[in-house]
């Protein structure tokens, strides 16, 4: 059994990890740490989880004996504990952005802190199994992708050679869990319900991941115009992606076939003809996507949906763990969470 | 007092018209017609409206004495009664699409029917006051714009000279009232709530209006890639519009200033710095909009919000009536509906 | 013109007051005070209000010149400023609970503070126009009723002589604005949406008002079992009220007629045959109610709906002001807010 | 393996059954029948289910070879096919009301049809495992309880000896799936969202089951005043139940302990201290409940929550199947659906 701990277990991603890991056939649950709720039971904090256990304060000692730790701290606060754990020999899957960017200088630019561990930045593997499965299998440190980049990259990876250099437009709509569990004016029920709005209209931090990974996949820089919006929905991201194709635009069917072929061996990517809705992936680790050719305007439209807490965070993290420890890739991920 | 009747008064747009007209200081409510609910009172059908009155079956006779009739029939079913009313000397504001397109042949292409009255098609004025106020004042027949074209056009009219010939992308998100009041699988609460999806991903009929009016405003054809989505929201449309500018991209402030200047005399268009949300316009006849420059990708992003039933339909129709009859342009439109 | 100020204007009730008063034909808006937002404009804090003005810090000076002040502070924090204003000659409508209870000792029991002004407690008039219109007209200090008591009392006042001494059960369901604008775990969108729960299942503070006013109306004590619940809804309270009648139970029609007669002269109480929904009163100052006899169980069921922010708070406060200053009782209250 | 078929598989309860049975370790999925969707695949009709299979028209032949059939037809339409299947030797779990009432005459009164098979009415076992586990094990025909009665009975069974003869009040709030999948004006998103209302305020059909089973459990008749309400929620029922206790009212803790003891061996009833919310049971077969004593009014309040489609319908049906076929009682019911 793989012993797995969760550091920062009382946010939304921590709760979903706790749920998945507690039912995972190949996992023994290690420590669940929490700064704010140490001492409380899981049932106290999340009555809807039916998991035995009690949160403890984080300490290196608390994680000793764990084969892998999932770290669910906020950006810029995660790298310290991640580094400590990796140095001590524990494999780590970091759900923050602290090791996603390859260029150490990018952290100052996008996240406002000087990265103290360029060595681990260089070593960390970007945890998108569809792109880096082999590297993930060997990794000591996996940087679990952001939720928006996951949906966007899965929609574009099959087509990177077909995208015109003018780049892509990513219009994304996210559920409120994407904003985290800490109460704020913006996540108050009365501010969200029956409402809809954009946010971070220019320069959202996830753009950095999108640019990096899209350019790596394409072999050259591709501009990305990214606009996130907040849906009155609990979980899920739908991204509507636009690009001008190189060469003939062809038919929707041709693009769908190419896409389906690209993902034929992937356990968690489903290419479908009918454009998918959030309902189809909520609670699951699936990304569903479809493609439409808009001949009149000469643009291709790709539609992808994921659950931001599962394929966009905790589910993908478990998928990465499964790959790292040689478990079935979908172990623990077949039921809804 | 202007006597105003509503033909097809028991759909959503009819209900909002009934509400506005019943409180309009310059209007006397004429007939409210309904095929399905003739004989019932307004309170029977819409308990939340506090309007005295009873629906009658449509007849030419029922409308006699009206100065203006609002026709709220579905596309392809409206032109017959509209033609009859105009021929009889009643001024008409048609909320369907039956007279919006200038090219009579376009009705076969986009709406699947041969238009029997090219003369009235030629005469009808597209009822966007911000573009055609003077013509509306004189019109016998006003074709009230579609909800999506209204939001999109108000966002782009100030900039038509600055849009690159590659065209525009319009990613729109609409509340469920946009789908009408007739129950269907798609509008069932359980299909919509906590969900989000696109529809008519290519070739939505409103694209035809967008193309026509954008080209008329710009003086040349501009491609439009339009994608509507369905929000778990009652009322409102937010459109996120992308285009590449001709020449230097400049600053967001410069675009905002240009936009504010363009609309400085408009009673129902508000240019704001903070990108608006649906809450800010629901129940009102306002269009609010903002602009952002995304220098990294070289694109301009315009955000517009309207209430699809008010500025996107019934409120704009009353605004048109006010212009046609020399009333204050915002008469009846200062309170929430 | 009556000069009206709002003390504590940036909560939900303050925002609705600002909206109503700014359009009230007989009112000149005085100061809008705010501890947290002093210096900001109304548009900064509430983009959906179209009201000119800027919040100021509270001071006695800021309110000088006002004929009336609405005080929207939390319970136990309101009485100090209310007392200061009344002493200085300004008439006050207090939206908190600080002067609702007649027995000074009750404040320790239900609200945990020793009331420093038993003289004003004795003088304050409970601001339910349907019960105390004449006293309100003369009052220096009106204690505006709680939202739950308003709905409950309007449902029972017509029947106090017919209620069996075993008392009444009040099962109430409230929208989230009832919990206030301050963000908390309980009002996070993800905690509320697609959810439903009770709270304060025994001894909710509004029970004290219900007991007091029901007993005053009935002339003897009547037990009240009150259970509030939280709806995934913005605004509105529906109360389902059960009691055993004295004597013959009779018919629903008989109860409806008695109720309609009781309220025939009331501008804001509507007795209807079809049991009302929240939609019918949201945004309005109306209370709608209906009655059903359940012969098999021998109980009467009364259903009342109000908008908790309007008839349950700010609208009723303006209704009280209208009465106090001899204005039309529905002035400023005819449009939706 | 137990071969299980679903008759009427394209409503909400059919969909949940299909989901559970397709993953049930002891079940082989037989036929899925549908009148309206015969010939389509499961994925066509329910894209969010990941179940292979195709709907067929119902025929006796289609069910041949099945050990058990779940019948999901509407009330009054179910008994014919149920009778045919039982007569042919197939064990049946009927999700309609057609065999729930013991008195054949009751069907005319409550459901408006003369029951043609009093013999099967007499034989059918009411499928509430917590009350009739032993009889269910032997049954040829199980009448699966209604959703409201399930939540109400689980809340009162522990206390039947303590309820005063004046009876009980059951104030229930249900999600919209309870109204079925057929579109109607009442289930239109725009009629439900941000709304709340009661329905069938007197004489809802489920009252008959409540009366029957409560009286059987108590050994004497107990009046039931039942009022259902419609929540803007997908799934779940919360019932707030009031009764006057015989003798001393005692403490909440004493009632909770008695309740917990009563259900200590039950796999799907959870007695909890904190009053539960719908979120805690949605997607599961659990009923959670809590109790509060309201000493001031002398009443006991019981709160129960279930998922109306799982413990209130399809999950309980599978629990019954498990009992009938000697499978683990929670087989197939440990994951969310």
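Here the chain labels run A, B, C and D in written order, and each chain numbers its own residues starting at 1.
Operating definition for what follows: a residue touches a chain if its C-beta (ideal position, glycine included) is under 8 Å from a C-beta of that chain, and two chains touch if they have at least 3 such contacts.
Not measured: the values here are computed from a predicted model.
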When B-D and C-D are ranked by contacting C-beta pairs, first comes C-D
Top of the farthest list for subunit D, CA-centroid basis, is B
When each of B-C, A-C or A-B is compared with A-D, the one sharing over half of the residue-numbered contact pairs turns out to be B-C
So, in whole Å, the Cα centroid of subunit C is separated from that of subunit D by 39
Expressed in whole Å, how far the mean CA point of subunit B lies from that of subunit D is 46
Touching at least 2 other chains, the residues of subunit D are 191, 193-194, 232-234, 276-277, 279, 282
Residue positions on subunit B within touch of subunit C in the complex are 23, 47-48, 193-194, 272, 274, 276-277, 279-283, 335-337
The subunit B residues in contact with subunit A across the complex are 166-167, 169, 171, 173, 191, 194-199, 201-203, 207, 223-225, 227, 229, 231-234, 236, 238, 240, 242, 244, 275-279, 282, 292-299, 301, 303
The answer for subunit D against subunit B in the complex is residues 12, 176-177, 181, 183-185, 187-194, 232-234
